[in-house]
Amino acid sequence: MSAAVIEARKISLTFQTADGPVHALKDVDLTIGKGDFVSFIGPSGCGKTTFLRTIAALETPTGGELSVNGMTPDAAQRARAYGYVFQAPGLYPWRTISGNISLPLEIMGFSRSDRQERIARVLDLVDLAGFGGKFPWQLSGGMQQRASIARALAFDADILLMDEPFGALDEIVRDRLNEALLTLWRKTGKTIGFVTHSIPEAVYLSTRIVVMSPRPGRITKVIDSPLPPERPLDIRDSPEFIALAHEVREGLREGHGDD
Amino acid sequence: MSAAVIEARKISLTFQTADGPVHALKDVDLTIGKGDFVSFIGPSGCGKTTFLRTIAALETPTGGELSVNGMTPDAAQRARAYGYVFQAPGLYPWRTISGNISLPLEIMGFSRSDRQERIARVLDLVDLAGFGGKFPWQLSGGMQQRASIARALAFDADILLMDEPFGALDEIVRDRLNEALLTLWRKTGKTIGFVTHSIPEAVYLSTRIVVMSPRPGRITKVIDSPLPPERPLDIRDSPEFIALAHEVREGLREGHGDD
Amino acid sequence: MSRTLPVLTVVAAILLVWYLGAIGMNAQWARDQAARAETQLTTSALIADTLTQDRPVLPAPHQVAAGLWDGIAGQKITSKRSLIYHAWVTLSATLAGFGIGSLAGILLAVGIVHSRAMDQSVMPWAVASQTVPILAIAPMVIVVFASAGVTGLLPKAIIAAWLSFFPVLVGMVKGLRTPDGMQLDLMKSWSASGPQVFWRLRLPSSLPYLFASLKIGVAAALVGTIVGELPAGATAGLGARLLSGSYYGQTVQIWSALFTAAALAALLVMLIDLIQRLVLKRMGLGG
Amino acid sequence: ADDLTLQLKWVTQAQFAGYYVAKDKGFYDEEDLNVTIKAGGPDIAPTQVLAGGGADVVVEWMPAALAAREKGLPLVNIAQPFKSSGMMLTCLKESGISDPTTDFAGKTLGVWFAGNEYPFLSWMSTLGLSTEGGEDGVTVLKQGFNVDPLLQKQAACISTMTYNEYGQVLDAGLSEDDLVTFKYEDQGVATLEDGLYTLESTLEDEAKVTALVRFVRASMKGWKYAEENPEEAAEIVLENDETGAQTIEHQTRMMGEIAKLTAGSNGTLDEADYQRTVDTLMSGGSDPVISAVPEGAFTHLITDRAFD
Amino acid sequence: MKAVLIIGVWLAAWALNIWLSRRDTRLTRFLVAAIFGATILILWEMIVRLYQVPSVILPAPSQIAASFGSNLGILWTDFVQTILKGALTGWVLGALAATLTAIAVDRSPFLQRGLLPIGNFVAALPIVGLAPILVMWFGFDWHSKAAVVVVMVFFPILVNMVAGLAATDAMQRDLMATWAAPYRASLWKMRLPAAMPFLFNGLKITTTLALIGAIVAEFFGSPTKGMGFRISTAVGRLDLPLVWAEICVAAIAGSLFYGIVALIEKKVTFWHPSQRNQRG
């Protein structure tokens, strides 16, 4: 593992709700190194999203210490240290695909020519060259999600945080995007935090798999992947893969209470 | 295979849309026998939902012949031959869980005492005893989906049609519901038509897997499962399972055009 | 099934009911007159009379049509007897009031969305403000403004504005709040500034709501103007027409003014609808 | 030229012919005045307009003016172009009313409000009739803008002016034989109508006073011209009507009736008429319109100077 | 100097509100609104007194309150006449008629295509213009006011209700189809409940319309009681404090009316996401 990019020390987060406090995270310790591809898996409500949002400074932990690129999450946000991708594409319907990708660049004050160049580059990267002039609703769900990834890549943040980005897509499209994401990660060397519900997806993509359990949300297991960086899709039929998937499933089941 | 419950002969269905005709189904031939558990799998837009809706007389085919329980689909609908479960639970928010299950029974004219007895029985069956008085929005997604299955079971139709009933749930809840559905199927001997996007789910549940491909939607492969009716969850790590999953994936890939 | 046939059928049904109503409601008068003249009326004479009276309780459709035709096509448009002239007077005050009202509504909405103090203090009173029977005190409002030296078009416009600001305010607040948590979070993750969030996210998302409420607002502004003209001594405008018709018992004139007003309202709403379509289409929201 | 704003009591019609004639014929110009005539309407209270500074002079009925004076708004009558009252109650014969002292009880009567109800209330209290309805009282209906309540038989009688609503009733097809009328003049409860009023404070301003003197002089010239040329006056009124709803026939007839009311007044208030009005208003039993004898409610200052 | 004083009071109150609104509890939320209202009243009183605005133009709140107190009897009579008899009756009848029509429209696509475009046209009609006509038809007592209100509230409720009856999603309707539910069942058990939030939306919008309609109609003829009657008569008598007292009654009645409908809505549509603050 290389230099720590994200370091969480005893992070806790409690939401005050009308029905009393909800302990979304409790004593979460985790170090993510540069270039890691870390997946978070766990049952619904275990705090995966909350943890990712805490890293992105979209939530403030109520306890513990968190540093991103050696800064506080807030400072990292201002330094535009990460791109964030949500489960739904969240494209703005009144902007074209290029316009959507352009939006964060405009906000960050990139010049027009720089913007155009970057848009072309990331569209290419996610295999959407030629679709820049279309509106989001003219594209299929998978293409929209790729556009939203392009948007998060456009300003070249080192860190990519993805919250179930492929959850709404069908299996085959998902396979493709998984492959593409892996290629992209290898090419760019970005650090990726990735939330998923799917065991095969987590196993296929990650260098490390973080298994979480709910009430209160904590990390029950961190599994390092023995798989090589180069992963063709049918690696999923290999015994290592199946063993690893089994291990993750066991880890999940241990932590899982009653529905 | 036992007596044919559903028989499709050269079913075609073309939607007339503003952008010209959409061939959702073309020459679909299929026979489903009594007690079969048939899964439909295929890429998005290949006509899985359309085919299920055609069986349920929610769409009328533009060509071919279809019989359900030896009747036309319309007659079968009037005879209340099937229960239908959608991807989203589709519970009526102004009725309690019991009220929701009671609704089709009221419409079909069951007596009050009969209704109460049936509600109690199906709530038990889907493991929701004690939640009858709650409103849908007070329950988790998984519980809501179980309630909607209970509703489809309450009036004891022989056929159960399910359109991605577990698509929106997380893996672990999904595993549980899969297990429960299998048990229910074995206990009741119902004929089940089941649409899914997940290869493991299709393989785990079905006696037959129907692989479809789009534009126009047709059946590319029908795979009979060699797995025994009793299937513990870890059958999924068995070689037969993996081989079958592989076969399905290959079948899918063949039929799959470009995204 | 196209729309034409059903609409025509319903229109025909309305006309039929209208004619029957006219016969029924005007018959009393025809009979009284006959009794005073000590003559007997045959049924057909009675019906003929009910449809041609000078001061019918309910004028027959063709009488209204004739009144409309005379008011619109039978006069020079600068004439005081021209409905177009009066419609223009009303329209100008309506547009002024609608402009003031929607601007106020939009500005207040922006304030409410951005300031919690404004949200908590203005919103409840904005609701209460609409329960003030402004229409009932319109004449007073006009006198009060006159005493402050404001006369002519503006007092009417202010009443119109009072009625039109509320729908715009409500719609715009809702619209500015449509961006969901995810869209706002995205902006946050890019460290976007307040104005950037407003111009690039909130405003574009609010436009469909804005247009919907502008349509309600413009109709309300028209009602406000007409009522402002009605009892308050305005000398021109559809409201004044309505009033003088009522004052001299000229029901045909009332109905013609009423139909002109409805047509004006329909026209204004259609115009906004057109603008909405153009704008939203340009924004890619029309599909 | 001095600017002056005149607020009328009602919409543009021959009732105000004198002012329109004076304006159109240039009588105001001759006096070096620039007069703006503001039409009134059913819910315009000229007294309120005056108080708010929206006008310098108003046309108002004396009961309303005296009532406002008691309320603390110091209105002063500066001229009285109308000598007689044109107000009456018009009843359907079929309602069986023939004598006001005995037949009103239990009937519904239409009355104008917004400051025009005072003469009626005075009359009823002279008759000893309650206006709260019931067997022994009359039911009062706030009459709207037109004569429909009579035509629709919603009221046994309605208020009419000789020059306007009465004609409308006839126009609507009723004949004089179908109707019974009671003029306030004949009942001994007449009050002064259409006078010119201004605020006390205006009269303290010498420049305003001279303007008012010229205004009254020119207006009376207009009135006399209108009396002599009713057709032309009616046409002038018609030209000034912006609603475009008036007809020449109607206005000509109205001018004829109005001439009967202005005849006999040179603009100067007759103190006997004033006294009769005050007495009528104060006689109102338990609920008189005014409770104290008004002081300084009129002045001859303007008319004296105008007609020297 | 006077202006400085007025602006000073305003700024002070506003600062207090900003400070309070940061707390954001039930109590402060109420306080903020109350302080805002009170500030307006105080500023009004100050302006009237400092600039000696004549009371025939704008009476001070204190005068209005005094008039309110001494005219309770009159105000109550007018309230009964205009609000209870005129507005409420008309509103209930109008809502009923609109609901029934909406069901008919929902049932028949023919009507839906034929009636709705015309309905939109009529909804844009300045209904107050009908008031003189309706007074002519229905007499000068409250019946004509109720009739005006019926016409005014009919189309807004109809339009909302038609939208509401169509508001079920395809899945909910398909479910009914799979149970071969007859129309009556799907109406009672699905469409009507689903339409409730829309119906109440229409009902809420029309509460203020109903008040305005009933009051304005009184200008075209009325017995010698009622809020519209009193307002026009009192203006003629220069009793402006009484006029404003009537306006207060209208505003209070309107807010109460709205509040009660909103409360019933909460009870009836408890299940709707907008009513169950974020749970589920």
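Brief remarks follow.
The letters A, B, C, D and E name the chains in turn, as written, and every chain counts its residues from 1.
The working rule: contacts are C-beta pairs under 8 Å (C-beta built on N, C-alpha and C of every residue); 3 or more make two chains touch, one makes a residue touch a chain.
Here the structure is a predicted model, which is why all the values come from computation and not from measurement.
Summary of the copy comparison: rotating chain A onto chain B for the best CA superposition needs 180 degrees, to the nearest 5.
On a Cα centroid basis, the chain most remote from chain B in this structure is D.
Inter-chain centre distance (chain A to chain C, centres taken as mean C-alpha positions): 53 Å.
We define each chain's centre as the mean of its Cα atoms; on that basis chain A and chain D are separated by 84 Å.
Between chain C and chain E, the centres computed from C-alpha atoms are 18 Å apart. Within chain C, residues 57, 139-140, 143-144, 147, 231, 246 each touch two or more of the remaining chains.
Residues of chain D in contact with at least two other chains: 42-43, 45, 48, 51-52, 144-145, 148, 152. Looking at chain E, one finds that residues 57, 132, 136, 219-220, 232, 235 touch two or more other chains. By the touch criterion stated above, chain B contacts chain E in their complex at residues 53, 56-58, 77-78, 80, 82-84, 86, 88, 90, 92-94, 103-104, 106-108, 135-139, 155. By the touch rule above, chain C contacts chain A in their complex via residues 182-183, 185-193, 196, 200-201, 204, 207, 283-285, 287.
Every residue of chain D that touches chain E in the complex is listed here, in rising order: 42-43, 45, 47-48, 51-52, 64, 67-68, 71, 73, 113-117, 131, 139-145, 148-149, 152, 154.
Contacts from chain A toward chain B in the complex involve residues 43-44, 140-143, 170-173, 176, 197-199, 237, 242, 246, 252-253, 256, 259.
On the side of chain D, the complex with chain C involves touching residues 11-12, 38-45, 48-49, 51-54, 144-148, 151-152, 168, 171-175, 178, 241-246, 250.
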